[in-house]
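Look for chain A in each of the two complexes below; its partner is chain B in the first and chain C in the second.
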Partner chain A sequence: MRSLLVALRKDLLLQWRSRTQIVAIFAFGAAALLLFSFAIGPDSLALRQHAAGFLWLGLLLASTLSLAESFEREMEEQALEGLLLLPASARALYYGKAIANWAQLALLGAALVPVTVVLYDAGTLRLVSLLGVILLGTAGLSAPGTLYAAMTAQIRGRQTLLPLLLFPLVVPVLLAAVKATSLLILGDPMGQLRPWATLLAAFAVIHWALGGLLFSRVVED
Partner chain B sequence: MIAVAAAGLCRRYGRRWALAEVGFEVPEGALVMVTGRNGSGKSTLLRVLATAIRADRGTVRILGHDVHADREAVREKIALLGHRTHLYEPLTALENLAVVARFLSRDPGREALLARLEEVGLADRADDPVQTFSAGMRQRLALARLLQQEAQVVLLDEPYGHLDPPGFLLVDRLLQRLRAQGTTVLMATHLLHRGRALCDRALVLEAGRLAFAGAASEMPEPVGADGAGFAEGA
Partner chain C sequence: MKEPSQSRAPQAAVALGVGLLLAGSYWGLAKAPGEIFMGDVQRIMYVHVPTAWNAMLALTFAFVCALSFLFTNAWKWDNRLEAAMEIGVVLSLLLCMQGAIWAKPTWGVWWDWDPRLTTTAVMVFAFGGILALRAFVDDPVKRAVWSAVACIVAFADVPIVYFSVKWWNSLHQAQSTPQTVSKAFHWPLRINAFGILFLWTGLVALRARVAALRLRNEVAPPLPERAPDTAGAPALGGAR
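So, the complex of A and B:
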């Protein structure tokens, strides 16, 4: 647990030092949302109906930049290898990185909500529930995303490979997060939010457990 | 006691063997120079000993622990200075040392870390990010990071790389200090005269094979217009 906290502190500090990059990733997500809104046109009902899907697509696209960036610093001077040789626990390093990535993606998701409200006229009064869905959805993205980012960080063409590996895996997250967010924006007369939120939570639990088990195999020779 | 014992060590990259049937023993407290041409397998050897990479065949024991079966125990006893510095570029010199100190449960306080930076002549740049450092300054910081580990077996891959003349003296002093502490050191270097003067023993690698193992003073001279081999045993 102490190693995890040390790793998390290190990763949060690295993120803070790279905060201009985070602003750029947010701008990328916001630009994607703007372009998607142009694709729909001025039909306000259609915009509102598609808002949840585009919010999560924007977040998913931005997440690949964010996840890949999180391992850039580890690979530049083989700092991750240096920590493994100390020896630091690979599992602690994984959870430290995954939690830091989760925090960054959740923040990014929360920051994209006002952009979605403005562009798609897609407000909701259930803000706490929306925040919960964002937390669950980004947890489901960050756990496998951190593992795959570590896997592809040492490979040429990693910018292409990371989304190719990650996107098919996180289809259930995308589906459940879009449905849950849609229900919050458009209304939930049948009470369907809970099953979708449960699916998100189950996916996250499975992948957080798997990531911790597999990380050492990914980063060790 | 034997600090490092390697037998039948083989490692290949693709179809090329970087190490082929390398075997040697290093007694505890010895200072060993590892030399040979570029691409002869020096770095690969040190990285296998450090458990950074695995050998395809052969065995290595560090202070009695097998590097494959008992990786964690080996890692608690070794420290590696590699070609890459293991530093985080956006963090300051002090923050880099603090990260290592926290993982090792050592004192991460400013005073303790400043003392470490003082040893390598970087105390006045303690709060500057590593990305603003020259290659020589990074090497000095990497040495400070290595010293934090207080390892029993130290592996140095080109420790004089990028350093200025005062930096050379710094590494010389470091080696003398490690010898006085009884630390076992394996140092890959091309600086033969310096290595001969400082080290007890030498290992010479040629195309991944061990061409010489013995007293540093008896190490053969490089021969050929391009310094392509060693006079004996190559």
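So, the complex of A and C:
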């Protein structure tokens, strides 16, 4: 537990020291949000209906950059090998990294919400619920994302492979998060928010458990 | 490393599978009665449904290989994993194509966002991505461990994808099993199912041999400047 906290502190510190990177990734996500509107056309009603999808697609595209970046730094000067020599379990390293990535993605998601509100008039007053959906959805992105980034950071062709491996896997996250966010923006007369949030939570639980089980094999062999 | 087996059993399985597939398809196309509502279009069921069963079976076998590799560290499981994943991806891709060919005259569209269709497409990309990962990793140990890990994660994901898409949208008819189709359709369906089963089992065995041969070249590269007893040892790492 202590080693997890130390690993988490290290990863958060790394992110803080490279905060220009986070701002750049946010700018990428915001640019993607701007571009999606050109695919639909200037029909503000249609744009508002699809706003939740745009938000999560923007976040998903941006997440591959931030996840890849999180392990890129561990590859410099063989930092990862040094970490593995420490008397800390690989599991603690994984959870530290995954929680830091989760925090960064949730922050990114929260920062993209105002952009969506301004561009697509897609606001909601259920801010706590929206924050909950963002937290659950980004948890589902960060656990498998951290596991796969650990693999792809070590090989050539990493820019292609991380999204190729991650996107099919997180289809349920995208589906459920878009649906839940849509319900928040457009209204939820049937009370469908809870099952979608449960699906997000279940996905997150399964992948956080799997990631913790399998990560040591990924980095130690 | 052991010489790959020279047994002819896989070739025999492939031949038997092709024979059964020809017989079952002839039966299904020429002898079985047409279906009342869909007419001859329905006859694609004789390959579509067996393909679906076998695609599932091949990917489940790949999952078993991945687990076995992580527990035993034996190379044979990595070879089988590679073979089974390739066959599983090809069968899933065929499944999508057959489904599209059937859906156009029946539903009026090539594609529909139905749970099984969408899940199959997601599986093609998920397992196809792992095959791409294998192509990019040069170190055989890392390649084996990573693809086993990725295979387990992807396999665990399949039911979640299925249920999430199911909640999202649904149109596909219920699975066809011998209980849901008329007796006249049973035999061609069963014969083709076993035909494809024998075909892919034989192909997996042959493909695993190819993988074993490639591994033998990779793990023990010729190192002229070193003593022969240490050659290949560091590259092997923790795996036996």
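As a convention for this text, the second predicted complex is superposed on the first by the 221 of 221 C-alpha atoms of A that agree within 3 Å, B and C clash if a C-alpha of one lies under 4 Å from a C-alpha of the other, contacts with A are read in each partner's own complex, and residues count from 1 in each chain.
Note that in this section a residue touches a chain if its C-beta (ideal position, glycine included) is under 8 Å from a C-beta of that chain, and two chains touch if they have at least 3 such contacts.
Since this is a predicted model, take the numbers as computed values, not measurements.
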- Could you tell me if A:Ser3 is touching chain B, chain C, both of them or neither one (first, second, both, neither)? first
- Message: Per the contact definition in the header, classify A:Ala79: touching chain B only (first), chain C only (second), both, or neither.
- Response: first
- Query: Of chain B and chain C, which one touches more of chain A's residues?
  - Reply: C
- Look at A:Gln104 in the shared chain and tell me whether it touches chain B only, chain C only, both, or neither; answer first, second, both or neither. neither
- Considering only the touch criterion stated at the top, classify A:Phe203 as touching first (chain B), second (chain C), both, or neither. second
- Message: Let me test your reading of the model: by the given contact rule, A:Thr146 touches which partner, first (chain B), second (chain C), both or neither?
- Response: neither
- Message: Quick one: is A:Val171 in contact with chain B, with chain C, with both, or with neither? Answer first, second, both or neither.
- Response: second
- Message: Counting contacts the way the document defines them, which residues of chain A are shared by the two interfaces, the one with chain B and the one with chain C?
- Response: 221
- Item | Contact footprint of chain B on chain A as seen in their complex | 2-3, 6, 9-10, 13-14, 17-18, 73, 76-79, 81-88, 221
- Message: Under the stated contact criterion, what part of chain B meets chain A in this complex?
- Response: 50-54, 71-72, 75-76, 78-80, 82, 84-91, 95, 99-100, 102-105, 129, 138, 145, 149
- Query: Hey, which residues of chain A end up touching chain C in the complex?
  - Reply: 144, 147-148, 151-152, 154-157, 160-161, 164-165, 167-169, 171-172, 175-176, 179, 195-196, 199, 202-203, 206-207, 210, 214, 217-218, 220-221
- chain C residues touching chain A in their complex are 70, 118, 122-123, 125-126, 129-130, 132-133, 136-138, 141-142, 145-146, 148-150, 152-154, 156-157, 160-161, 163-165, 167-168, 237-239
